[in-house]
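You will see two complexes here that share subunit A, one where it goes with subunit B and one where it goes with subunit C.
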Partner chain A sequence: MLSLFVSIPFLSLIVFNIPGKHSTRLALFWSAFLFIAQSALALLFSTGIINPVARQLSRIFIFKLSLDPLSLLLLLSIGVAAFAALLAGNNLFREKSQKSNFINLLMVAVIGMNATVLAADLFSVYIFMEIVAVSSFVLISIQKDRLALEGAFKYMVMSSIATCLMLVSIALIILVCGDTDFGVVASGLCAQSGNPIVKLAIGLFLCGLFIKSGLVPFHGWLPDAYSAAPSAVSVLLAGIITKVTGVYVLMRLVISVFGINPAIQNLLMLAGAVSIAFGALAALTQHDFKRMLAYSSISQVGYIILGLGCATPLAIAGAAFHFFNHTIFKTLLFINAAAVEKQAGSIHMDNLGGLSEKMPVTGATSVIALLSTAGIPPLAGFWSKLIIIMALWSAGNFAYAYIAVIFSVVTLAYFLSMQRRVFFGKLALSLESVKEAGAGITIPAALLAGITVAAGVGFFWVLDKLILPIQEILR
Partner chain B sequence: MMTPELSQVFWLYSIFAALLFITGLYCVLATFNLIRVLVGVEILIKAATLLIIVCGQLTGRQALAQAIVITLIVIEVVIMVAAGGVILCLYKHNHSIDTRKLKNLKG
Partner chain C sequence: MAMEILLLLGLLAAALWTVMTTRLLRSVVGLALTSAVLSIIIFRLNSPVAAVFELSVCAGLIPVIFITTISFTQRIAKSQIQERRRERFIRFFLLPVIVVVAGLALLRWLKIPALMLPAAAGETDVRLLLWNVRHLDLLGQIVILLAGAFAVVILFKEPRK
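Right after this comes the complex of A and B.
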């Protein structure tokens, strides 16, 4: 059953690429259907309707797969973000060949992400991360634009260095534990936790994952890759790809493989807090819409890592919820940036202004997304930040709790400044003829805004069905 | 755990792997040539490959190590092909493969 999350997209990828005449439109509809089906299935699993069936059928595939509430939440996020990026890409890419390349590469990325989420073996995780990484290199440089190629090359070099660190760590783990299966490695590392080789291995792996998730001080590639990529690709990249390959793998490995100990906790909380502060302060000074969103992304990932570092069951649940929210609102903000770039022809915030009257849907959804990011009730982002801060407070990490609260305000500050410079205020003269973007952009924007509001208003249902079960993976 | 003899073998190989790793890292950081950056990344991956083989040999899990290394080589080729494509396109834009000309992204 689980293998279907990987094998059906894989089969579709093969079918899309059978030589001969084929229709991009069909591929588009089929991919859209697959992504919706994935989200729906993940949601159904979470509500417990089809769980017994899944357990019976989960022994078919050759890779070791595992499914728990955290993977379900991730599958849901991947489905939603991929669907939004697909519609945006269909709208934004002009040429037919580019459209079809985009759909195919998106499918490869989704296969890799689904498999990363379900894998239960260190080396499988590495393979699938690389699949996602390679497809994103090609996606970034898909238009052969000069800046995008530069961003792609930076991303590629940083990502290769990260994977080398992880490979060295995998080698050391094989030396100590003799296997790469999560369970075996976890017990092996636990038995020899004083061994310096074990410490080195864990350190190297964490370092690699920090690079992959763009945490400060390894964030150098992230704003470049996000802002230089074609708009539809940066939706995908910022919304889900770096979150799955970096943040999710970090969460999974720290929780179920490396084990939580005070050293790792301190390291994670420090990295999280520094990223929150640096990302927010750097975002304040940006003039480019997408670059600002990229720095904001670093800052929000910091919250997730801070929650993870706190490592109480509540904090882990909060981190996972913030992960989901971050996927939703960051995808939404990048879609808005894409709409602005396409319609107004610029994403330099000083050249824009007053777009809200010309682009009402984009302006309104952007307000929802930024309020959710800054943690204003009753939107979803408020609840996840509240859970993280409550968990930090009850675990006695007062300083980190203060940092989280203070930089939440800074988040609001830079987003309001963005909103004023881009959407509110006086309409710039050159923008008189701007129109609302097409349905391919406004529909996913409205959908994501709807999810943000719904997850905030229906918070207790979401908490009960999706978030609190995540605590059980700590056992 | 390891006998002293095996431990000696491990240190020998791991020192060599560490040297390779440092060489690769130096190559990535010190050069201004895009192709050399890729060569540096290759050397880094080679260091990791060597270490995996040695660790598999020492723990008696040769089959696992070989499976991993073969998969690793395939992935490495894919990455290098993608990177080569990117460099080719950059060369078409800049007529140079000097990293000092890649300074358009800042901030």
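Right after this comes the complex of A and C.
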């Protein structure tokens, strides 16, 4: 049954592109149905209502895939973010051909992300990460304007460097372990952990993944790519793509393949803490709405990596929960940025103000997202940050726990500044005629805000069904 | 062994020429040469199928695509060529030195007596391997080709007037 997560989007992509007359609307509805079904299935698997290895279906398409609670959380996140991006794209792209191209590339990216999450082989993970990367380059430059092409080019160059590093690392791993299967590689690396070739291979792979995750000091491409991409693409890029190809793969490989040791832990915690601090401080100084959100992403990904580096079962669960929360609230914030850009014609925060009056749904959902990002109770972001900080404290990493707390306050500061400059205050005369962006934007925004509130209020259910089971992957 | 070292030195020289030369066409020739030397190395390592792929795709098809693209470009003035050559030399003259020093350092650092390499896998028919073992990767190859096709259509198609 797991293979269906890859096969059905693949077959859909083929059907969408059979020569002849096609309805973009039908492709849109089918894609929306697929993404909702994916999220629903992931949720039903987590609650145990459906068994993910249902035998009848598994005989139809057989790929060597594996599923655990972390993959389930990722499938859920991919489904939700892809659904939100699909609706936003349908609203924001005007020409029919652009809508159709966007749906096709989104489907390619979803195939790549689902397979990356479900694959249990290093080389397969590499191939599907590349699929996501290629679709991202094209998505960023889909409107072919100069800034977008420049952003896509920077992303492509950095991504290619990451690819080279990972490919060399895979070659070294094959040299030492003779295979690329996660289990074989894990035991091979464990048996030769003191070997310099093993250290070099792990170091190269980690560098590649740091670039893909946009962690400091490899973050240079991220603000340009996020801010130059069309708004619907920014939603997808910031919401899920960089997290799956960078952060998820980093989590998976560190936990299940490379193994956790003090050197890797120190490296991850240092990179996480520096990213938290740098991202938050840089976000404070931004005037462009999307660039501010991009730097905020760097900072929030830092929290996930900090939790991963702490490496206790509680910290891993906290990191995974923050991953999910960050997907939801960052997708929401980029959708709001898209709404503002479309309706007000600018994302320069100094030219905006008072938009809450004219765009009440966008303004209200933005408040929910920012409070969750800053870790204000009882929203979902509060719980995930609390778990990470508690885990850091109980593992004796006091300095990192202090950094996490202090920069939560800085996060609140830059988001309140954004909210004041964009949504509160006096409405500029030029924005008198602005109105809400339409159902294609407000529905996904309301849905994501609802998930943020529900995951916070129903935290104990989420903890029991989705988050705590993730601890088992450490065993 | 001497042959292997000679081939590796040839590979390094061709690769450096590819990235250091200021002329695009020469760079493409250098790339083809690098791939050709690499195919010989792969062939000598008993992987004839991989060697054929390397030779036909990387030394054959890709340079043809590059040359086609270069044929659409225009020459720049001689003074600009001189200027760029100077800039390039200042920027990149350390590259070969860094490559050689890094290679020597790695060689020294990676001298490990206790490296236990796994036994070489038995010869498997590449077709069986692709279809029976790596079929997920095969699907990945198809999807990446589709993504490439979308890229060409989206980025290079001129809108109808």
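We adopt the following convention: the second predicted complex is superposed on the first by the 463 of 475 C-alpha atoms of A that agree within 3 Å, B and C clash if a C-alpha of one lies under 4 Å from a C-alpha of the other, contacts with A are read in each partner's own complex, and residues count from 1 in each chain.
Criterion: a residue touches a chain if its C-beta (ideal position, glycine included) is under 8 Å from a C-beta of that chain, and two chains touch if they have at least 3 such contacts.
A quick note: this is a predicted structure, and the numbers were derived from the prediction, not measured.
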{"item": "Touched partner set for A:Ile127, first subunit B, second subunit C, both or neither", "value": "both"}
{"item": "Which of subunit B and subunit C A:Ser408 touches, first, second, both or neither", "value": "neither"}
{"item": "Partner chain in contact with A:Val138 - subunit B first, subunit C second, else both or neither", "value": "both"}
{"item": "Touching partner for A:Ala228 - first (subunit B), second (subunit C), both, neither", "value": "first"}
{"item": "Partner chain in contact with A:Ser160 - subunit B first, subunit C second, else both or neither", "value": "first"}
{"item": "Subunit B versus subunit C as contact partner of A:Asn104, first or second or both or neither", "value": "second"}
{"item": "First (subunit B), second (subunit C), both or neither touched by A:Gly151", "value": "first"}
{"item": "Which of subunit B and subunit C A:Phe10 touches, first, second, both or neither", "value": "second"}
{"item": "First, second, both or neither for A:Gly178, with subunit B first and subunit C second", "value": "both"}
{"item": "Common interface residues of subunit A - those touching subunit B in one complex and subunit C in the other", "value": "123, 127, 130, 134, 137-138, 141, 144, 175, 178-179"}
{"item": "Sites on subunit B touched by subunit A in the complex", "value": "10, 17, 21, 24-25, 28, 34, 37, 41, 44-45, 47-49, 51-52, 54-56, 58-61, 64-65, 68, 71-72, 75, 78-79, 82-83, 85-87, 89-90, 92-94, 102, 104-105, 107"}
{"item": "Residues on subunit A engaged by subunit C in the complex (per definition of touch)", "value": "6, 10, 13, 17, 63-65, 101, 104-105, 108, 111-112, 115, 119, 121, 123-124, 127-128, 130-131, 134-135, 137-138, 141-142, 144, 175-179, 188, 191-192, 195-197, 200"}
{"item": "Partner subunit A, residues of subunit C touching it in the complex", "value": "106, 109-110, 112, 114-119, 121, 134-137, 139-144, 146-148, 150-151, 153-155"}
{"item": "Parts of subunit A lying in touch with subunit B, wherever the complex brings them together", "value": "123, 127, 130, 133-134, 137-138, 141, 144, 146-147, 149-154, 156-157, 160-161, 163-164, 167-168, 170-172, 174-175, 178-180, 223-224, 227-228, 286-288, 291"}
